[in-house]
Amino acid sequence: MAEVVKRDIDPARYDKDFLLRLYREMVKQRAFDENLIRLLHEGKVSGFYHSGIGQEATGAGTCASLRDDDYILYDHRGCNQMIAKGVPLDKIYGDFMGRLCGTTCGLGAGIVHVAYPEKGVLGQSGTLGACFVIAAGAGYAVKVKKTDQVCVCYFGDGTAARETFHGGMNWAGLYNLPIVFYCENNEYGISTHYTKAHALKNNIADRADGYGIPGYVIDGNDVLLVYEVAKEAIERARSGGGPSFIEGKTFRYRGHFEGDPALYRDQAVVEEWMEKRDAIKNYRARLIAAGAAAEEDFAAVDAEVEKEILDAIAAAEASPMPECTRIYEGLFVEGVV
Amino acid sequence: MAEVVKRDIDPARYDKDFLLRLYREMVKQRAFDENLIRLLHEGKVSGFYHSGIGQEATGAGTCASLRDDDYILYDHRGCNQMIAKGVPLDKIYGDFMGRLCGTTCGLGAGIVHVAYPEKGVLGQSGTLGACFVIAAGAGYAVKVKKTDQVCVCYFGDGTAARETFHGGMNWAGLYNLPIVFYCENNEYGISTHYTKAHALKNNIADRADGYGIPGYVIDGNDVLLVYEVAKEAIERARSGGGPSFIEGKTFRYRGHFEGDPALYRDQAVVEEWMEKRDAIKNYRARLIAAGAAAEEDFAAVDAEVEKEILDAIAAAEASPMPECTRIYEGLFVEGVV
Amino acid sequence: MKTISYMQAINEALLEEMERDGSSVYFGEDVATMSGAFGATAGLLDRFGPDRVFDTPIAEATIAGAALGMALAGLTPITEFSFADFVGIAFDEIYNKLGKWNWMHGCCFKIPVTIRLPVGVMAGAGPEHSQSPQALFMHSQGLKVVVPSNAYDAKGLLKTAIRDPNPVLYFEHKVLYGMPGEVPEEEYTIPFGQAEVKREGSDVTIIATSLQVHTALAAAGMLAGEGIEAEVIDPRTLIPLDKETILASVRKTGRVVITHEEQKTGGTGAELAAILAEEAFFDLAAPIKRVGSADTPIPQSIFLEQEFKPNEEKLMSAVREVMQY
Amino acid sequence: MKTISYMQAINEALLEEMERDGSSVYFGEDVATMSGAFGATAGLLDRFGPDRVFDTPIAEATIAGAALGMALAGLTPITEFSFADFVGIAFDEIYNKLGKWNWMHGCCFKIPVTIRLPVGVMAGAGPEHSQSPQALFMHSQGLKVVVPSNAYDAKGLLKTAIRDPNPVLYFEHKVLYGMPGEVPEEEYTIPFGQAEVKREGSDVTIIATSLQVHTALAAAGMLAGEGIEAEVIDPRTLIPLDKETILASVRKTGRVVITHEEQKTGGTGAELAAILAEEAFFDLAAPIKRVGSADTPIPQSIFLEQEFKPNEEKLMSAVREVMQY
């Protein structure tokens, strides 16, 4: 069975700079997302958007221990993760708007199909669950290359049911690969509660045990806990200790995609999460209570982030659309390896 | 973690008839198999044959608790299982020889693609691992039909690595389906030892725990133990208690297919299994030691079985080959459901 | 007659057939509580209860394989993937298991499985949620392939699909969901293997499937203004295929343009063109033209996806080209 | 020149290319210790060690998906499925992931993955171990498709496949493994997209792939006795396709028969025939004929599998038919 990790972490043990960096990452993600939704409503962005609001602790807490050359496979609610990993905001907005400045050079990308090799962002599969087996391959490559890179594979509770889960976990354990599987358990896969989609002992992370992989269940909205548990897993992976599995309990505030009224959930539960368990709100309160940061510190970060977001949007909007012929470019790479 | 079941079963607790029935099933399977190999060498059977010699306790021990209307998905080394479930021998030989009397009416079948709905034998998938998800469906059907049928899904250690394992186990646990997963762990998937193909805690059956499914590890060559543990699992499934997972440790005596020199295995280990752990030999010795049966009993069964086998072969050989046009028949079923 | 949407037509067919066949079950991702990604399964859970109508985990290979298992054990399984693109995940189960199981086991089963598969480019859903993968199944054995283009066909063909003792892949176009159409009040079914001439014409035959039937009808209307009378044929089912209706039309017109939304190369038009090149060669006065999508993945950008797809203009210029001979 | 078998040609290509490219890895089921189901990987483990050459669990979707992951992380993955039939299990990973990943992510990667896929009817291996599924990939985007028919092509094309920065599906025919052929002593590669005229002839063009090239050559030899000179063209790669060589031949002969081992309907011949119906219509003097296998699954019986397959006789009678016009 997975270890249910509970820790009362004293923020004072950490640098103020570091603590504010985590804060900044989370508010950046939320501001990015809120602005994207605004752009959707303004008709400047089309397609289906899976908002990650409410799940900011995942990307912030995990990516804090990753290097640029570490790999991630973000999930379909994972702008949070790609932002934390360092994909420039104007490129992400550019992809949503189909602009040339996007990572896809105008092909467009919703939350899936942003890739940014410079920061180890390997892209995403529109069919859920390919992440497990792609991560297995990326992890294996590290083993062959004998570097000390790490690969983090993010996925939802619903996605954990895909058949490929078994194949990826098995490779990771068998070849002792430097992979951290991070399950964002936000309770629902679209309308289906995870207890209606999984036969479980207690938690999804309990499955790790059958592969000899250490499993952890944590409050995925406690960014410091995410940070600590992920850091241990990442360091273990980096130093040859093999894979880990972390299940972070969290919640999505919005519908499955923008436009989903989400009638299948009890609104009271949603509100409870928003009021009592919000990652950002609670983190602020905790730092203030611990005397680790003050309201002014947060306000300063908020203002900086807002400017950063608006600048990125402006840059994306200023970037041209591609020619129609864009689709005929690049299907095959020329040359030899 | 799965329960490693060790029991010192006193044969005297069982009826002599019953004990000899288990014996008969095992020798029938072995005689069937040895004769099939002979027919292969005589050029009367073609294709690739996966001999099940050495693994007879599986079919004999499990099918003893199954009814005709229970379902099985046998594995690619599973003539043992289809024979134990009651597919007539002449039909199986007929399939191997491509005769009209075979279950496929002349299309031919190797060990895969024999089906016999009258005895609940649902067929086999040539791509390993479809059994898990097909069993899930058959199990679900029982739930809808509200009958008390059970479905046994047999598969090898190697097959347990297929992605579909996860999907089938998850459905079985989630919907509380009457399925018994029986893993014939004969140590190898072709040339690959199961410890080189699986990341494990200890045993493959440990994976069941992550689905809340009870798991058992047993000596799969002890037919009475197979019988008892399978019976408990089958009865539990029949009475609404849901799925179970049994891993039976066994060994294949021959190459992966007839013709495989199996150089990847240590011959001493093979001989050790054949001499010290043979299911039939040990069972005989045990019954004799317990005074539960005598040499003459076994000799009588052996003789009967030999006749049964030879008659079946003769019947199959007497059956005609199909017309060439056979392949154009039956692709689509006419009518409506 | 009454006017209902393509989506309602699907919903009615499901309700009627599940009522008729007590062994039928409906399952898939978010189909019960939420009525499916596009709402086609509204009312099923209430009417038939949680054993017969249920949500599954996100695992399409398992869904398709379980459908086979259910059929072998006597049920009439109806299922869906939220997007037809996901056939890739269950390809072995669909192509090798559902399609071939009965034949390869000597033909002793019925496999009355229906899989609903929403296809098509719509609103920037991107390369893995916009495909029309039906062409892959032109090369299948033991599967039937249905591609309804309007509410009437959608309902009648879905009812036939569910009653069919063979596995049926039912490809429905997402853009058609909202399109209204006339449907009889009374019960009806449409036999498989009957193409429909959606418009008569004497100059050129346009063979069109799914949403492209509407593109073809619009193009034909405009071409009539240029004096070109196009006949528009909708095969409605690709397996079985009504070759006779197609060949008869080509005998009359001598010119053929084939249009479909899937990429041109290896699309369903390849087999149709090949059949014509084999069986109607001397009826043809001009080369066959195919108008499919670009031979690329599908861009996410809503602007580029228009470039990707066939449309009236591309179709009209293909027709004008074959009319030159 | 030296004479080696098709299998040895594959083995040599693997050894040479893995030597050349230190980032290359070879993995699959029973490929390391046992040298693969058919022995093509002999010597790799000894030469390149257990990190670069390794046995995997029986999980083809994982193998194909991992190949993508390795490529994204900078390796040159070479893998195999024991039987090409298993592409169904990894279809999403091959068709949607390997094929489209680079394009759909804006073209910032190289995906130098090679997958070896043994095809073909041989010795009663049955419906799920005898298929030739290459036709499914005629409708793919971003994959290259190679179908070598002799030792020379096998080696030269496999070396090109491994060096190609795009994913390549390499379909090799099991019946060809033992067939000897001449291969240069020195290093060589064969560019993709170059068909080869395996026999020149003026009366009819036979387009044949894989094992059927040999059927076609044998048939052509016999037809010559009847005064019919057949030209036999082997496309060698289906994507990219050398249309020019094919069109040039048809311009010369005016008659075409296409033969392949996969089932006729929806086979690779469908696309080839469609291209000719579009682009060589006025060069054709007779209907196109396709000679594929029966549109059924593959029987296990070694007698029936002969009925299933195309052969010299079926091909010759198709040729005689097109010669009547």
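Going by the order they are written in, the chains are A, B, C and D; count residues from 1 in each one.
Following the convention adopted for this analysis, a contact is a pair of C-beta atoms (placed from the backbone, for glycine too) under 8 Å apart; a residue touches a chain by one contact, two chains touch by 3 or more.
Not measured: the values here are computed from a predicted model.
Enquirer: So which has more C-beta pairs touching, B-C or B-D?
Expert: Contact tally favours B-C.
Enquirer: If we define chain centres by averaging CA atoms, which chain lands farthest from chain A? Would you check?
Expert: The chain farthest from chain A, judged by C-alpha centres, is B.
Enquirer: I'd like the Å distance between the centres of chain B and chain D, where a centre is the mean of that chain's Cα atoms.
Expert: Centre-to-centre distance between chain B and chain D: 37 Å.
Enquirer: Quick one: chain C and chain D, Cα centre-to-centre, how many Å?
Expert: Taking the mean C-alpha position of each chain, the two centres sit 30 Å apart.
Enquirer: Could you give the separation in Å between the centres of chain A and chain B, each centre being the mean of its C-alpha atoms?
Expert: 45
Enquirer: Using mean C-alpha positions as chain centres, tell me how far chain B is from chain C in Å, no decimals.
Expert: Taking the mean C-alpha position of each chain, the two centres sit 41 Å apart.
Enquirer: Identify all positions of chain B at which a residue touches two or more other chains, and write them in rising order.
Expert: 104, 107, 109, 113, 125-127, 161-164, 166-167, 170-171, 174, 196-198, 331
Enquirer: Provide the list of chain C residues touching at least two other chains, using ranges where the numbers run on.
Expert: In chain C, 56-57, 59, 61-62, 85-86, 88-89, 92-93, 96, 103-104, 126-128, 141-142, 295-297, 300 touch at least two other chains.
Enquirer: Could you please specify the touching residues of chain A with respect to chain C in the complex?
Expert: 46-48, 95, 98, 104, 106-110, 112-113, 125-129, 158-159, 161-163, 189-192, 196-198, 263-264, 321-322, 324-328, 331
Enquirer: Considering only the defined contacts, which chain C positions touch chain B in the complex?
Expert: Result: residues 21, 23, 25, 51-52, 54, 56-57, 59, 61-62, 64-77, 92-93, 96-97, 101-112, 141-142, 144, 163-166 of chain C touch chain B.
Enquirer: What residues of chain B sit close enough to touch chain A in their complex?
Expert: Going by the criterion above, the answer is residues 1, 161-167, 169-174, 196-201, 206-213.
Enquirer: Would you pull the chain A residues touching chain D in the complex into a rising list?
Expert: My answer: residues 71, 102-105, 107, 109, 113-117, 122-123, 125-127, 130, 132-145, 149, 151, 163-164, 166-168, 170-171, 174-175, 329-337.
Enquirer: Taking the touch rule as given, give the residues of chain D at its contact with chain B in the complex, in rising order.
Expert: Against chain B, chain D makes touches at 29-30, 33-34, 37, 55-59, 61-62, 85-86, 88-89, 123-129, 294-297, 299-304, 307-308.
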